[in-house]
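The structures considered in this document are given below.
In the two complexes below, chain A is the common chain; its partner is chain B in one and chain C in the other.
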Partner chain A sequence: MSTGSGTSMDAPAFISSMDAGRVLARRERRFASALLAPAFAALLATTTFPLLYLIWTSTFRIDLAMPFTNGFIGIDNYRDLLADSRFWSSLSVSMIYTISTVVLQVAIGLGLALFVMGMKKGQGLFRLIAILPVVLSPAVVGMVWRTFMLQPEFGIVDFLSINAGLGSQNWLGDPTLAMISVIVIHTWQWTPFAFMVLLASLAALPDDIYEAARIDRASAWQRFRRITLPLLRPAIVMVVIMRTMVALTAFAAIFTVTGGGPGTATEILNLYAYRKSFTELSIGYGSALAVALLVVTIIISAALFAVRRAK
Partner chain B sequence: MNGRGHVRFEQIVKMHGNFKALKGVDFDIRPAEFFALLGPSGSGKSTTLRILAGLDAPTSGRVMIDGKDVTSADARDRDVAMVFQSYALYPHMTVFENIAFPLEMAKMAKADIAPAVQDAARKVKIEHLLERKPGQLSGGQQQRCALARAIVRRASLFLLDEPLSNLDAKLRLETRAELKKLQRSLGVTAVYVTHDQEEAMTLADRMAVFMAGEIEQIGTPAEVFTRPNSLDVAAFIGSPPMNLIPARLAGGNVIIAGQPLATTRADLSDRNVTVGIRPSALRIGPTGLPAKVDLVEDLGDSAVLDLDCAGTRVRARINHDDIPPENSSVFVTARPQDIHLFDPDTRKRI
Partner chain C sequence: MVFRSTRRTFLKGSVGASAMLLGAPAFLRGAAAQDNDLAPYTSAKIDWKQASGESITVAVIPASYFDNLISIAPQFQELTGINVRFEKIPPAQIRQKCVIDLTSKTGTYATHAADPMYYALYAANKWAEPLDRYLNDASLTDKAWFNFDDIIPAWRGADSVDGKLYGIPYDGEVTIQVYRKDLYEAKGLKPADNLEAFVANAAALNDPGNRIWGAALRGVAGAGQNMYIYPSIFREFGGEWFKGGKLTVNGPEAEAALTWYVDLMRKYAPAAAQNWNWPDIADAFSQGTIGAYIDAHSSASVVNNADKSKVIGKVAYARWPKGPSGKRVTSIWNWGFPINAALPDKRKKATWLFIQWAASAETQARTSYKFAGPAKRSGVNRTSVWKDPAYIKLMSSFGNNFVEAAMDSLQHDTDVDWRPRVPQWPAIGDTMATAIQSALAGQATVKAALDDAQKRIEPMMKG
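For the complex of A and B:
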């Protein structure tokens, strides 16, 4: 309210409280932006810029072995890519690798979680042991499996195979066995993640609905199918989404175990992009492969998120 | 009445580690009876119900349903339905699916399930909520859904574990009456666990009063109220609780605050006793125990008086028309048949 003296000194007093609030809010927004700016700039520099640069690079022919052919070629790399049988082969290897590892992780993780939920003693110790593979670097895991587990004659897996009467196998030399081996290694390392998430979700389910189901004469299998699975669905879908994204972009373990071989038997799309860029030094085409992988990952993730939202 | 639902508990003991939750419980429930298990928290009534449902196994003893020994049978192999305190509705299923679940598990033909669900929902007045999920229902509606799920299968035994405790006071009273009517119309044996003695008194045909893992008394609500057989039951049943006053029995009279009150037990020799008198049995009159009115709690239709009888605190529930003012002096008395005598050592009724 004005004091009513009528002098020009009173002018600011007429600024409504609404205006004052707006000014204050603007100032606060500006201050918040200033605080956010460094993190935002770092994020732009480390994620958005490289991504845009990758897309930009993919429109060039950059061949370090033949630099005189370099130049802007538009979408030619993508046209070549669609006609490249090795691209389709690596994409199918990526799909097989991703689907197998994710299905195995969820199935084994859920099985372990159900088993541990039923344990009366030793739950803590089991969890501790189970989580160990996750904390190891995939490169270290790859080295350990290659040298200690899968080495013909000396590896533990081969030792067990010989003792089981299956004879010594060339685990990483045979295309099928190599593919199975890298799937097993990824599953071994990342199943504990699915196990921990599903165990936490299982532990959060109330006991009384299981008791109600027993009273309603549901068998153990019916309780699992009609109650546990639907109630775990959000957690399972979340695990599938997260593990799919990681499996599609897996690299280190396969790189250290097989390097994509024998031949291209375990060459997932990521590895093909790496080989194309840094072995064959065809940076432009390698970038196009990486962009293709990005597009595939986004499409699959979007589909999975749509599944998650459904129902 | 279907003649099914005869329950017999024989010497049931339940141990939790070294703790004896049930210390040899025996009782019989007749077909179509509404039987309440009443007792304070931790007295063993819910454990008894869980053993009857087959959710827990007893450490020793026998559970018989309709003459069959079901002690080692799992819940799914007993013909029982249950309403849980938390309702235990399946959160991912609609009300229809919740009610239909026991029928599906019983492998009922699909064509028969929908009419059965509709019928059960109509009985508890939730037929308009069948498409909703439990999370979209109020507490009272959830409770009705749980009831419908329990009655839809027409089991021989209907178990209720404090089903009204999560409802507000008004809804609890309404549902209580409906529950009784429902049980009568279905003619099914109902076993009802509660710590609320008013609920047990109003609903049950007979009740068992549990104290510290043992049954203190079994009887009709009227029997338990008018002839409590121990100090613990006397103190637990009734609101306000029974006045329990240490006194001397001499010549058939009990001496309280130096004044004699006649009892019906002239046959007993002189001894120390604990006298039990219900607040509603105390009357204000021209003679009796002199008392000072410390406090008046006016309940509208009646009043509860806190009285000081020469140092002994006594509560009386009297008619609204006769309320004496606070700090006034009155005389209180009780009819001989309203005076209960208990042994202070064994705590049992004399």
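For the complex of A and C:
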């Protein structure tokens, strides 16, 4: 920009300084857009275009099993969707899954963070161990849990359950247990993320406030309730937002562990959209389901961001 | 036991990974003694070299019956001058991958191991070539040499849509009873002749305290899993898929059939069997924990695997037990080869030559009893091979009554209406699989599950 500003400085005196400023600003904008253009075009091509195409597709009937029925049908897919009981049941499974995993992750992650903050030694090692599940692929996590941990008779979890006197359970064969299992798996994998973020925020809290509180003889619970929680609030809300978006669009772990079963007990909305599109080959309706998931995710995220701004 | 399941998991995973890497044909070092004389092929009165120089890609599943074909594929290249590249895709993904290839008309796979239930879909979209044209073209096929009528009739029927042929069967299977001879004899039981007797046998053997369960059937949800075994039961109970021209999956016969399945699985199968497919059943049977199962005859090679099985010499076979309708209904499963309609003409010819070679009596023999490697195919496509003494000798080593049970099933128990053969099958199969599993898991009653499936299937059938 140095040459640009140089020229406007050398401009004849009858150009007022205001004009010079405007020329400068225009040039700067032009240069900025030139810099932005490639990234913007790439972004358009890879995210916006497919998204618009998805919405466009969702207004067609595209049924590979009956190609002669294909064609534009407007909002009919959405009308069907509102009357589709499986859509509503998969949406409620998604909600249960999201709310319980996010609450558990934040609660356990915060507990762990407070515990580790109090540790005199071994913090580094604990952090290292805790981060391991996060770096695994969800599909691998799913396979490990399915075969190693939850297999009746042979799995580690079942072994513990038998020894605890609870008897052998069919962890993935019973609708309720299967739902609990997939929630536990997601929580197991992603709690370390909440833990790491909250631990970093805890470490950054100012010591003097706690000192003042101690001088005022505030109890541990009071300090936690009145100081730690309010100060951590931005971090907690951020973790909730990020984890909610991921949980709503989760796929790989459930797909490998239960495939949505038994029956449709763990079929989240994402999985239903996948099955409609790629197993049942009903691409138009599948796209409408994907759009519905997008809308739900946007609404919930917007609500959470509003909460974040509220105070 | 925990250790065993680790290895299985590892194998499952590595199969998926190796599928990505395996582009080039895998040559079997041990196949040095393999018969590689081309004379049996050159006696056909066609020009095998007519598409020389072409390259084709064939998608198959990772299974020993295709590995044997891959290992002798260099003979095909020598015979025809056509380059063949094999790509191994696990069964769970091959249907989707091939449908995506066909619908995008990229012609990536000249042919692939096709699920017979998908031909109606292929035909409706004109994705696959009708094969009669190739079969009747004297420059492409020597009819006397190829002897198409020798191929098992039920499998030819399964690979045709409205009388038009879309795939040539390469390998197939029938479902039969596999049971523990020693346990049956100890209790004075006979192999079940009807479904009631099958349940009674299972009840007599069931002893979970001593880690013996009476029976097991496929429990995991999937069009090719629980919806592979249930259709036989449905048909045996007198079920008709098309009642008055309308696809019907509920009603009294369906309820009776599903109730029978759910009762058997809940009372006499291990709880884990709800998530089992056939390899899991065969593994458990190999470990001596299952009294009997009904599944593909090809699983006999797993329960007779000297490295893993503890029940060798204790296995015997029988046909399906009869249902209340008096029928025995086996699967008509086969892996066939269609021709991708998106290919240029010359490559279609090359593909046909490959299919003709793979399905010919000579190649069938060379991948089965004449094969030099340890795993010899048991699902050959031709009646003549099934009757060949050398083949019968090989099959008899699997246990008592194996050849007889498999042959009788092939000749008498096959049923072209085993499953509803319509283009909507992928959706119907998935819907039924979910319904069967939700009844088994107790998420819904048998009647509610079937009625819900019916409600979901009806709009799929409407144009």
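Keep this in mind: the second predicted complex is superposed on the first by the 277 of 311 C-alpha atoms of A that agree within 3 Å, B and C clash if a C-alpha of one lies under 4 Å from a C-alpha of the other, contacts with A are read in each partner's own complex, and residues count from 1 in each chain.
In this section, contacts are C-beta pairs under 8 Å (C-beta built on N, C-alpha and C of every residue); 3 or more make two chains touch, one makes a residue touch a chain.
Predicted model, so just to flag it, every value in this text is computed and none were measured.
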- After lining both complexes up on chain A, report clash or fit for chain B versus chain C. fit
- Tell me which of chain B and chain C touches more residues of chain A. C
- Message: Under the stated touch criterion, which partner chain does A:Asp208 make contact with: chain B (first), chain C (second), both, or neither?
- Response: first
- With the two structures laid over each other on chain A, which partner does A:Ile254 touch: chain B (first), chain C (second), both, or neither? neither
- Task: Report for A:Ala65: first if it touches chain B alone, second if chain C alone, otherwise both or neither.
- Result: second
- Message: With both complexes overlaid on chain A, does A:Ala292 touch chain B (first), chain C (second), both or neither?
- Response: neither
- Query: Once superposed, minimum distance in angstrom between C-alpha atoms of chain B and those of chain C?
  - Reply: 50
- Task: Going by the contact rule at the top, pick out the chain B residues touching chain A in the complex.
- Result: 53-55, 74-76, 80-82, 84, 86, 88-92, 101-102, 105-106, 149, 153
- Please give the residue numbers of chain A that touch chain B in the complex, ascending. 206, 208-209, 211-219, 222, 226-227, 230-231, 233
- Note on the structure: Listed in rising order, the residues of chain C that touch chain A in the complex are 1-2, 5-6, 8-9, 12-13, 96, 99, 103, 121, 124-125, 219-223, 270-272, 274-275, 422-427, 430-431, 434-435, 437-444, 449, 456, 460, 463
- Message: Give the list of chain A residues in touch with chain C in this complex.
- Response: 64-69, 86, 143-144, 147-148, 151-156, 168, 170, 172-175, 178, 259-265, 275, 278-282
